[in-house]
Amino acid sequence: MTTHGYLAREYFGRLLEALRNSGYRCVGPQVLDGAIQYRDLPNAQALPSGWRDSQAPGRYRLEHSNNPRQFAWANGPQALKPFLFAPRETLWCVERDARGALSFRAVLPEAQALAVIGVRACDLAALHLQDAHFLQGQFQDAQYAARRDGLFLVAVNCTHPAATCFCVSTGDGPDVPEANGGCDLVLDEVDDGFIVRSASERGASLIAQLGLAPVTLAQQTVVADQRQQAREAQTRMLPSRDLRPLLDTRLEHPRWADVAARCLSCGNCTSVCPTCFCHSDHESPAIDGSDSTHYREWDSCFTQGHSYIHGITLRADTRLRYRQWLTHKLGAWHDQYGRSGCVGCGRCISWCPVGIDITEEVAALAADTP
Amino acid sequence: MSEQRRIDIRIPVLARVEGEGALDLSIRAGQIDALRLEIYEPPRLYEQFLIGRHAQDVIDMTARICGICPVAYQISAVQAFESIYGTEVTPWAEAMRRVFYCGEWLQSHALHIHLLAAPDFFGCTSVVELAQKDAEAVRRGLRLQALGNDLIALFGARSVHPVGVRVGGFHHAPSLSAVADMRARLNAARADAEALVRWTAKLPLPDDEQDFVSVAMRHPDEYAITRGRLVSSAGHDLAIEDYERHFQESHVPHSTALHAHLDGKPYLVGPLARINLNYTQLPAALRGLLGGLGIHFPSRNMFHSIVARAAEVWLAVDEAARLLGEYRVPGTPIGTPTGTPAVASTPRAGIGFGCSEAPRGILWHRYVTDAQGNVVEARIVPPTSQNQARMEEDLRISLTRFGLDRPEAELRLRGETVIRNYDPCISCATHFLRLRVARV
Amino acid sequence: MEKPRIAVHKFSSCDGCQLAFLDLGEDLLTLTAQIDIRHFAEAGILGEDEAVDIAFIEGSISTPADEERIRRIRERSRLLITIGACATAGGLQALRNLADAKAWTAAVYASPEYISSLDKVQPIRALVPVDFELWGCPVNSRQILAAVGSLLNGVVPIDERDKVCMECKRQLAVCVMVSEGKPCMGPVTRTGCGALCPRFGRACYACYGPAETPNTEALGARLRGLGLVGHEIAQQFLGTTNQMPVFLDAAQRWEKTP
Amino acid sequence: MNALHVPAPHVPMEAEIVRRTQESPSVFSLGLRLCDPAQHAAYRFEPGQFNMLYLYGVGEIPISIVSDPEDGDELGHTIRVVGRVTRGFAALKPGDRIGLRGPFGRGWPLLETRGQDLVLVTGGLGCAPLVSVINYVAQRRGEFGRVALLQGVRHMDDMIWRERYARWAKLPDVQVLLAADVAGTGWSWHVGLVTELVDQLAFDVRDARVMVCGPEPMMLASVRKLSASGVADEHIWMSLERNMQCAVGHCGHCQFGAQFLCKDGPVFNYPQIRARLGVKGY
């Protein structure tokens, strides 16, 4: 069975076709409303050919060139999270009869085989963290599980990290690990096509349908070089993978107040973060009193409601909210899931409307003792 | 009844009208001795606080003058700014504004017919009662109203104070799939629209012919909604810029709204005036439908307003379906960022006018801007203040004809029915008190 | 169970919030089966002085007669709920509070003695106790149904006070401030609308009023970075809820900044 | 611990209110029975665990189970009216139906503490989660050593279950000590803080096992006092309260440092939470 080969760019459609023939709905990156977004992919032409992203704290812009590459960008505001952990979804419904008896009914998303094209290494790392959270504890999240089951992942190694990326320092990118990547196919893009490698059995059987050409030595060199360049291109970093010891001694650091003065407490960072999982439950009763829908939606540790308990808000001000976020993300995650909750994608930096930079905040906290 | 009967009728809160108004009527010796349509909605002085604001603020703020016809305010306002800035919108945007506006006609007319006017003709006080007598008609009305709301939301994200309009076009172009869904609903609604026209034609409407001057916009290519010249049944044919030369507003003491006159006389704006003046531009199918029902326009029966409104519902459904028939998303080949469906413009100093046919009649705006394009002076003339003098005139005539010796309750109801027939929007009416600074 | 008696009252406003009831479509008929409407002038039901369980108030107070009427309504209502920016914050028309209202009125009317108008446009809360406030300009049918749904189930409605940004992201809208540099008010504005403006590619203009913990200083600084001058930033805060102290203060601060 | 099966982790089961008791003007108890008899029979819990109780059309809230785990008749919950949902529950009557998910969380260490002296310290309605322990111990008096019940309230009028305390005080080797910050006539107990009661204990606390429940400042003060009296940190357990939406460890609201209250708690061994306890904002 072929597990490795070259797919010329003009044949990329074959991959989509093979996936569709295997029953997958294909989703891939496209340019929409000024950003790279994952939507249903009608054909390979819809991929963001020639598009680059320029990212900086609080800033994201797309630029176009004649470069034929379709994956020469880093990332957009979201990747996998909304496909698995939906921003808003019904969990159960309850009907009430005339006598007041209640009957509860679980509501599950329709299970469907979804293939996502163009997933990044950081997205995969984040997916593993969300898996650990939603699937591997005492309780499985039924909604997440239903969507996760059919997922087919086509990863593409990053060649052009954004200025906000720091996955090298978190150990999550810019390319998918050779072993245990947690996806089905891994692509390296070269000027005229892709080097395709299968990373799972499903991937291998799919590859067999593509009629791949052998990979040349020259191509291998190009791939190795561009991987190396992508690593070296990153300028941001976190000082260490496990920041627990540092953060534990910084709980009263003045920097928290400093960042709170700049922070809007708007929740953009947690919403775009591929690992953040907080959500809240709500109820929507039908007006005739016959039934009610219980749903959940993304919440954030930056909202007042997040820490509200009858009459007290434990984290009433932004200083405490930002500290909760950072000490959880970079600290408590280690205890909860055996690693940091940050995969270095840099989204919270770019999509923060006021450009607060997690790496800069950590550096400032690390710089001196309180 | 004796000639000496003295009746004082006060209807302190007019029900089923938008806004807060009252009617005062006193009859002495068989004659109306005082009749005052009072508008006591407090003034909101919009024209004053628009000063210093930029175009988008004006578009968003003037919408808040009226929750029922915000689209009209936005379109009249945006046109005025586009004329100042010299912005030529694309044919796409021009057509889509017409569709957007059709949504408002649909919504406002359906609301007025079913919730406000029709209960009168069934002896009901409210739509809730009417629903018990003719549930299907009410459901049909609510469906059409909802369709109108959704059509507005397609271009404006919501139906009350929509957020889609900007100088140069729209902020957002609806997706092909959203338009396809809407088109299907519009086509399906044709049956409702036709049934509605038939239903209004059969209502037991009073037969009350009067002499009045109609004023509306007219456009050579279409039944005028968003653009055209001002014409009247008295022979006027004016550019909108010339409005102020012929139309005057005056302040009457019993009302916080202003009364408008055309060359010193009351006049009518709104659906009946429009259909009277532009009947020949209605689609042949609609004319056939109306003719077959024995209703002929131009009509002097003020109560044919409700039929005119239903006919415009039909027209709005038809026009929106037609214009969305060839819909495309402007300037978005696959793989490019969604372009803003608007042309660029540069704010500058100038004076600009905007006028469009709000559901209740012509809504006229004038703005003067400074070099940054911000407002230095604003004037807005809404339809209801234009109809107010006509309403008082109509009340005098029709109540006298109705018989001033009738029992008070009947007079009261007839008076309210006459007022409601105009679909007065009192919220609109009062927000335009012109600031006349006395200079010493 | 006895149907709750409901009244909808209007003060100075555009009528747009009442439309949240009248625009319910078929739900309007369902709703009228669950409640007993005692006063709703626009819907043709008149009973201004009836005692009710819930009074919904639209509009702001700007005349002595209004003031007297709202007090009467309060006395006859078990719960009083304001709907929309006018009733909860004074509305756009409260911008006149920033000008010399007396001079304006005198200048407007040939016979000012006919006009009785208070010096200031005030939200309902300034005059009588309010049990719950629904924000928005206008409030939408979803909010009304959610509030009525809670009340019918015997509990107070939920106060939605998160920022528009939260909903913007749930709707997967692309941030217009980050991707296009548009001056968005979402980070200080209360959710409830469904993040309509960013979904339509434009900046939020704060029509739902201030959210919890709004950092007007940080947002103002950001708007400045996007090229707005102090006066323009001030205007951003002077929208439909201009009288809310956090916005008013911010406007006054930024007005003084060049 | 935590080997207990949770019959309905995600979707509530229908439960009927079989008993309603008004304990004080703002506190009431509900006895619940699952409507499906098989579900009811299979339901098992440990003292200290909680249920998510669902009020139709309104929402869910976490409420401790206060009845005895062996009581097959009904599941007891004592609720203080503080806000939206609790007020809604207060209006319900026997025969009304609600939803119930649970039981969730880790309860009190009743197996580990068997045979030991117990000091149970409660404050305010914080007593609810510990009442199940008191009931449990009272039913199995022989299985534990000496027992001290320390309960503090802000005002003497907040003291509910006075007759229960009186009843418990009559059990062999059980010492009941009550305190009110503010008291008037008719109060024969201590006036002051509940922590001050530690000095009145009839036995040496050094080897006792301590369970504390109540407002966090009160718990912190009690723990400090008991530590100072020689109780090992490992011998102290306490029940915390945080916002809770899902109860299955997913929604993120109940996190306390690295702990999820709903699955790692709400009862914690003191060393587990020592680092963050009392730090504002956690």
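Labels A, B, C and D are assigned to the chains in the order they are written; within every chain, residues are numbered from 1.
Just so it is clear, a contact is a pair of C-beta atoms (placed from the backbone, for glycine too) under 8 Å apart; a residue touches a chain by one contact, two chains touch by 3 or more.
Keep in mind that what you see is a predicted model, and the values were worked out from it rather than measured.
Between A-D and C-D, more C-beta contact pairs join the chains of A-D. Averaging the CA coordinates per chain and comparing them to the mean over all protein CA atoms picks out C as nearest.
Chain centres here are Cα means. That of chain A falls 40 Å from that of chain D. Centre to centre, using the average C-alpha position, chain C and chain D are separated by 43 Å. Centre-to-centre separation between chain A and chain B, using Cα means, comes to 50 Å. With centres defined as mean CA coordinates, chain C is found 37 Å away from chain A. Residue positions of chain C touching 2 or more other chains: 149-150, 152-153, 158, 201. In chain A, the positions touching at least two other chains are 32-35, 282, 285, 289, 299, 305. Residue positions 338 of chain B are each in touch with at least two other chains. Interface of chain D with chain C (complex): residues 55-58, 84-85, 87-88, 91. Those residues of chain A that touch chain C in the shared complex are 32-35, 37, 58-61, 77-78, 82, 87-88, 261-268, 271-272, 282, 284-289, 297-300, 303-305, 316-318, 350-354. On the side of chain C, the complex with chain B involves touching residues 10, 12-20, 22-23, 25-26, 28-29, 32, 37, 40-46, 48, 62-63, 65-66, 91-93, 95-96, 99, 104-105, 107-111, 114-115, 117, 137-138, 140, 193, 196-197, 199-202, 205, 207, 235, 239-240. Per the touch definition, chain C reaches chain A in the complex via residues 27, 30-31, 33-34, 145-146, 148-150, 152-153, 158, 161-163, 165-166, 169-175, 177-181, 184, 186-188, 201, 212-213, 215, 217-219, 221-222. Note for the complex: chain B touches chain C at residues 13-20, 40-46, 48-49, 52-53, 56-57, 60-61, 64-68, 70, 107, 111, 115-116, 119, 124-128, 131, 138-139, 142-143, 145-146, 149, 157-161, 163-164, 166, 171-172, 251, 253-254, 256, 338, 340, 425, 427, 433-438.
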